[in-house]
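Heads up, there are several structures right after this.
What follows is chain A paired twice: with chain B in the first complex and chain C in the second.
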Partner chain A sequence: MKLRLNLTLWYRTMYSRAWVRVRSTYGEPLWVAVNLAVPLLSSLAMALLYSSTGLSKFAGFAILGGVMLAFWGNVLWSMASQFNWDKEVGIFEIYLISPAPISAVLVGMSLGGILATVPSAALVTIIGWFFFPTPINPSWTVVLLTFVLTLASLYALGMLLSSLYLAYGREAESLNNAIGEAINLLSGLYFPAIGAGSPFPFAVQIVASLIPLTIGMDALRKAVFQTGNVSSVWFDLALLAVMAMVLLFLGDKALKALEERGRRQGTLVVRLK
Partner chain B sequence: MRLLKSIVASAWMGWQREMEWTNPILSLFIKTVAPTAAVLSAAIVYWFGSSSAGLFTPERLAYIIVGASIYGQVAAYAYVPTSAIAEGKWSNLYPQVYITPTSSIPYLAGRCLASFADSAPVIVISLFVSYYVSSALFGAVPLIYFSFDSVVMLAGTLIVSLPAALALGYLLGSYSVFVSRFEWALPSYVSGLLMIFSEALFPANVLPYPFSLIPGVLPFTYLMRASRAALIYQSWSLYLTSMGYLALGGTLFLATGVIAFNLAEKLARKRGFIDKKVM
Partner chain C sequence: MTTTVQARGVARSFHSKTSDVTALDGVDLDVDECEVFGVLGPNGAGKTTLIRILSTLLLPTSGHATILGFDVAKEVDKIRPIINMASGAERAGYEFISARGNLWFFSQLYGASKEDFEARVKSLSSRLELEKYIDKKVYELSTGYRQRMTIARAFINDPRVVFMDEPTIALDVMTARKIREFLVGEAKESKRTIFLATHNMAETEAICDRVAIIDRGRILVCETPENLKRIYGRPAHVVEIRPSPPSMSIFTSLPGIKGATSTLDEERGVATVKLVVEDEDAINRVNMALSNAGIRVLSSWRQEPTLEEVFVSLVGRGFAEREHEIAS
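Now for the complex of A and B:
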């Protein structure tokens, strides 16, 4: 009975948090235009750069990078720093004193964030492929599976970061700026960062492989542009699934540890440090 | 004198906001990471595409490294008015600046100068780091000359680009006084469009007609050309021509920006937007 009540509460919390995020985007279509700017213009610039080198067939890599940049941007700015902003405006303390499980709030934020980013990502795809039609060779089932697992591990990383950012104050914004572009580079958002074609030394490739976006981009490029069968990406998919589970576990542990520390030190709702 | 004091005070405020939130050395390091990573991303995209096509050249690599590094400065200016005005409305700072005897014009000028002061070293560091990392990654040294003359020429270019930077600040400031939501939208579009249309990564002829005409009317294009003339081509004639266009275009652009900002500020006062937080 108690377990059922807990599950119901968890589900309702998750649904409510996801609903707020979805409603805020779809109820205000301008949000789509706002979220579109960086991924669209960055991917078009990179696609033009590929075209200027004489190999426009690689422009598709840039467009795919733009699609994933929309989700990665959402993870950074609407997941990782969200609790920090919630703390600034006084919502976080309401989460804490309510019986709602924080893990459900995080999962709801993720699902809502994914649904809210879909229109921007779709527009990057449509506009990108309109200007740079690139030959593709996908198996859509494999693409979908790869995409879902990439998002699962990315948003699990977002949950871990959002827990860690609770320890920070206003510096979260600067850290986000630095982390965002560095991960774009290391994960090979617009070019292969691991394996054949990577410009990085082996040691850097190993470090880059610890980032879910690196594995996800590598698998998506294979699934969309190359052979398109599951045998070429099964290892990436297994790795993404493991990463998602490990990051979820670490996020939950980090959140509990930082919440406990914040309660003891009385810094959990301190707004400016 | 009072105008100068206002500009210096707001430049100091901008510096505090951008650099003093932590140890300034750490702050400078953190600020350098993103532009350097962005320059290296562009360099790798070029290397990956051109080496697959058998068209890789160190000259073109240098072209991209210099352009992408200087673009970091231009992009930094695009976000100044949002931070100074839109964010200032939330913190109640901007309405207080507005009611002071000097107008918001020197306030925005000071914030732009602060942005110049904190982004110039960032650009220089990212240029050096990208140069050495690219050399190591691609096994080809980008043809960039770091002689005394070329560094002085680059410094001159950055200084002459200030009117254009201020103009961008005032034009985007005209938007910022009216918004209380989506304040990052226009700066994001403007900085993204400048990446495409200011020859930051590729020459204008890569763009389809009539888009290829746009870079010719943007002062920031001449900032890129003058910087490349200083660091890559070592050509005084190209440098001076580009500097002339940059100074002329920047001045015209600045006059337009100041007029637009004055009009916007008056209209915003009449309609009560100066301290409006949510529309």
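Now for the complex of A and C:
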């Protein structure tokens, strides 16, 4: 009975937070325009760069990067910064004094973000492939599996980063922004960051491999543009699954530990007046 | 009568690299069901810290507090479903979502069913006169209606104890009155405890069954407003003077003066000083001191004691002077 009540609470919290995220995203026309335009323009710019240097067969990498940038930027990364926004305006303490599990709030934010990002990703795909048609050889099942595992591991990373806001304020936001740019570069959204064709030295590739987005992008490129069967990406999928599990475990532990630390040190809420 | 909120020796200090601040210093309290309980003190006295501890957001450095018998430090899972909180300073909700949508979202944090939510929102919006605005987006609402929504949000889970931190701050008279009537009704009719932190003395007198006066993290007294005025309050001698005196010590250094507080009308250059005096002789001494200082008395009158005089009697200064001291 208690388990059922807990599951109901978890589901209702997650669903309602996703609903809030979707409604808020479409509540302001300017945000809709920005969400649609930024990934589209940056991927078109990268695709143009590839085309103008005689590498038009790689333009598809830029389109795929634009699709994933939409998810990475709007879905998962902003999960942490939205957590901070909630804290700044006093809504975060309403979550905390309720019985709602914080993990359900975060999953809801994330799922809402995914739903809100689908139009942007679709726009990048359609317009990108219209202007830069690139031969693809996908197995859609493998693509879907890779996509889901990539998002799961990115969600877990977002959850871990969100936990920092329980104990820190502006410091966490600065850290978030600083490592966000580094991840954008190292993960190779628009180019292969690891393996053959990577511009990075081997040591940097090792560091880049620790980022789930790097592995996810590498696997997606293989699944969409290359052989399209599971044997070419099984190692990446296994790695993504392990990363997702480890990061989820760490995120859950960090949320609990840092909430307790926040209660001890008085950093859970900011004074609004 | 069930005791809903209990605190024993609750203390809280904050440490930073540059300073240590004691926000609460050994607070003892017992608050009952159906009670509107006020904690009255100037900004920085420790009211918000106390609410944060009781609402499980902050751990006490020492001492012990319970909500309906559950320990605020160790039994948060049992406390959180039965409490709620609202602040006059918080954002009402998500701007691009209607008041109803926001209330539905916050009800889901407590796992409310559709039927329960519909019944609660109908009752709350009716009692807070929010029905006409319930389907408007939050950014379309005036400050008063946003605050009504915030108050409705704090009751959406049918809580046993509700913490209110300055709930009527910066509101117009009508909205503030409506919210106060609502809070009293919720305490008496629905058997809730309303724990109100405020520095609004008129509000405290109007709705609180009992009041704890807090200063520098300590509860100085805890009584009904009537008893506080009867036991600690003395009629105030009020003088309107020009120019404003350079320091309040011109009054407080005189024998027979229990305390003083002043407000300044900068446009007119007139200071209104409230003095809690022990006898008529003290008034004569005040007039003499003002005359010697070249300060003109424009008018003077006697005022029956309010909670402000109680605070001045106990602390020797008014809220404004104490807030200035704390800030500096």
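Assume the second predicted complex is superposed on the first by the 247 of 273 C-alpha atoms of A that agree within 3 Å, B and C clash if a C-alpha of one lies under 4 Å from a C-alpha of the other, contacts with A are read in each partner's own complex, and residues count from 1 in each chain.
We take it that a contact is a pair of C-beta atoms (placed from the backbone, for glycine too) under 8 Å apart; a residue touches a chain by one contact, two chains touch by 3 or more.
All values derive from a computational prediction rather than experimental measurement.
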Partner chain(s) touched by A:Gln226 [first = chain B, second = chain C, both, neither]: neither
Partner chain(s) touched by A:Leu44 [first = chain B, second = chain C, both, neither]: first
Partner chain(s) touched by A:Trp19 [first = chain B, second = chain C, both, neither]: second
Chain B versus chain C as contact partner of A:Ala182, first or second or both or neither: first
Touching partner for A:Gly90 - first (chain B), second (chain C), both, neither: second
First (chain B), second (chain C), both or neither touched by A:Arg264: second
Contacts of A:Ala62 with chain B and chain C, given as first, second, both or neither: first
Which of chain B and chain C A:Thr141 touches, first, second, both or neither: neither
Chain A positions touched by chain B in one structure and by chain C in the second: none
Touch list for chain A against partner chain C, complex: 5, 8-9, 12-13, 15-17, 19-20, 23-24, 27-28, 89-91, 93-100, 263-264, 266, 268-269, 271-273
Touch list for chain C against partner chain A, complex: 12, 14, 48, 52, 55-59, 77, 80-81, 83-85, 87-91, 93-97, 101, 104-106, 108-112, 137, 153, 157, 166, 169
Footprint of chain B on chain A - complex, ascending: 30-31, 33-34, 37-38, 40-42, 44-46, 48-55, 58, 62, 170-171, 174-175, 177-178, 180-182, 184-185, 189-192, 197, 199-200
In the complex with chain A, residue positions of chain B that touch it: 21-22, 27, 30-31, 33-35, 37-38, 40-42, 44-50, 52-53, 55, 64, 137-138, 182, 184-185, 188-189, 192-193, 195-196, 200-203, 206-207
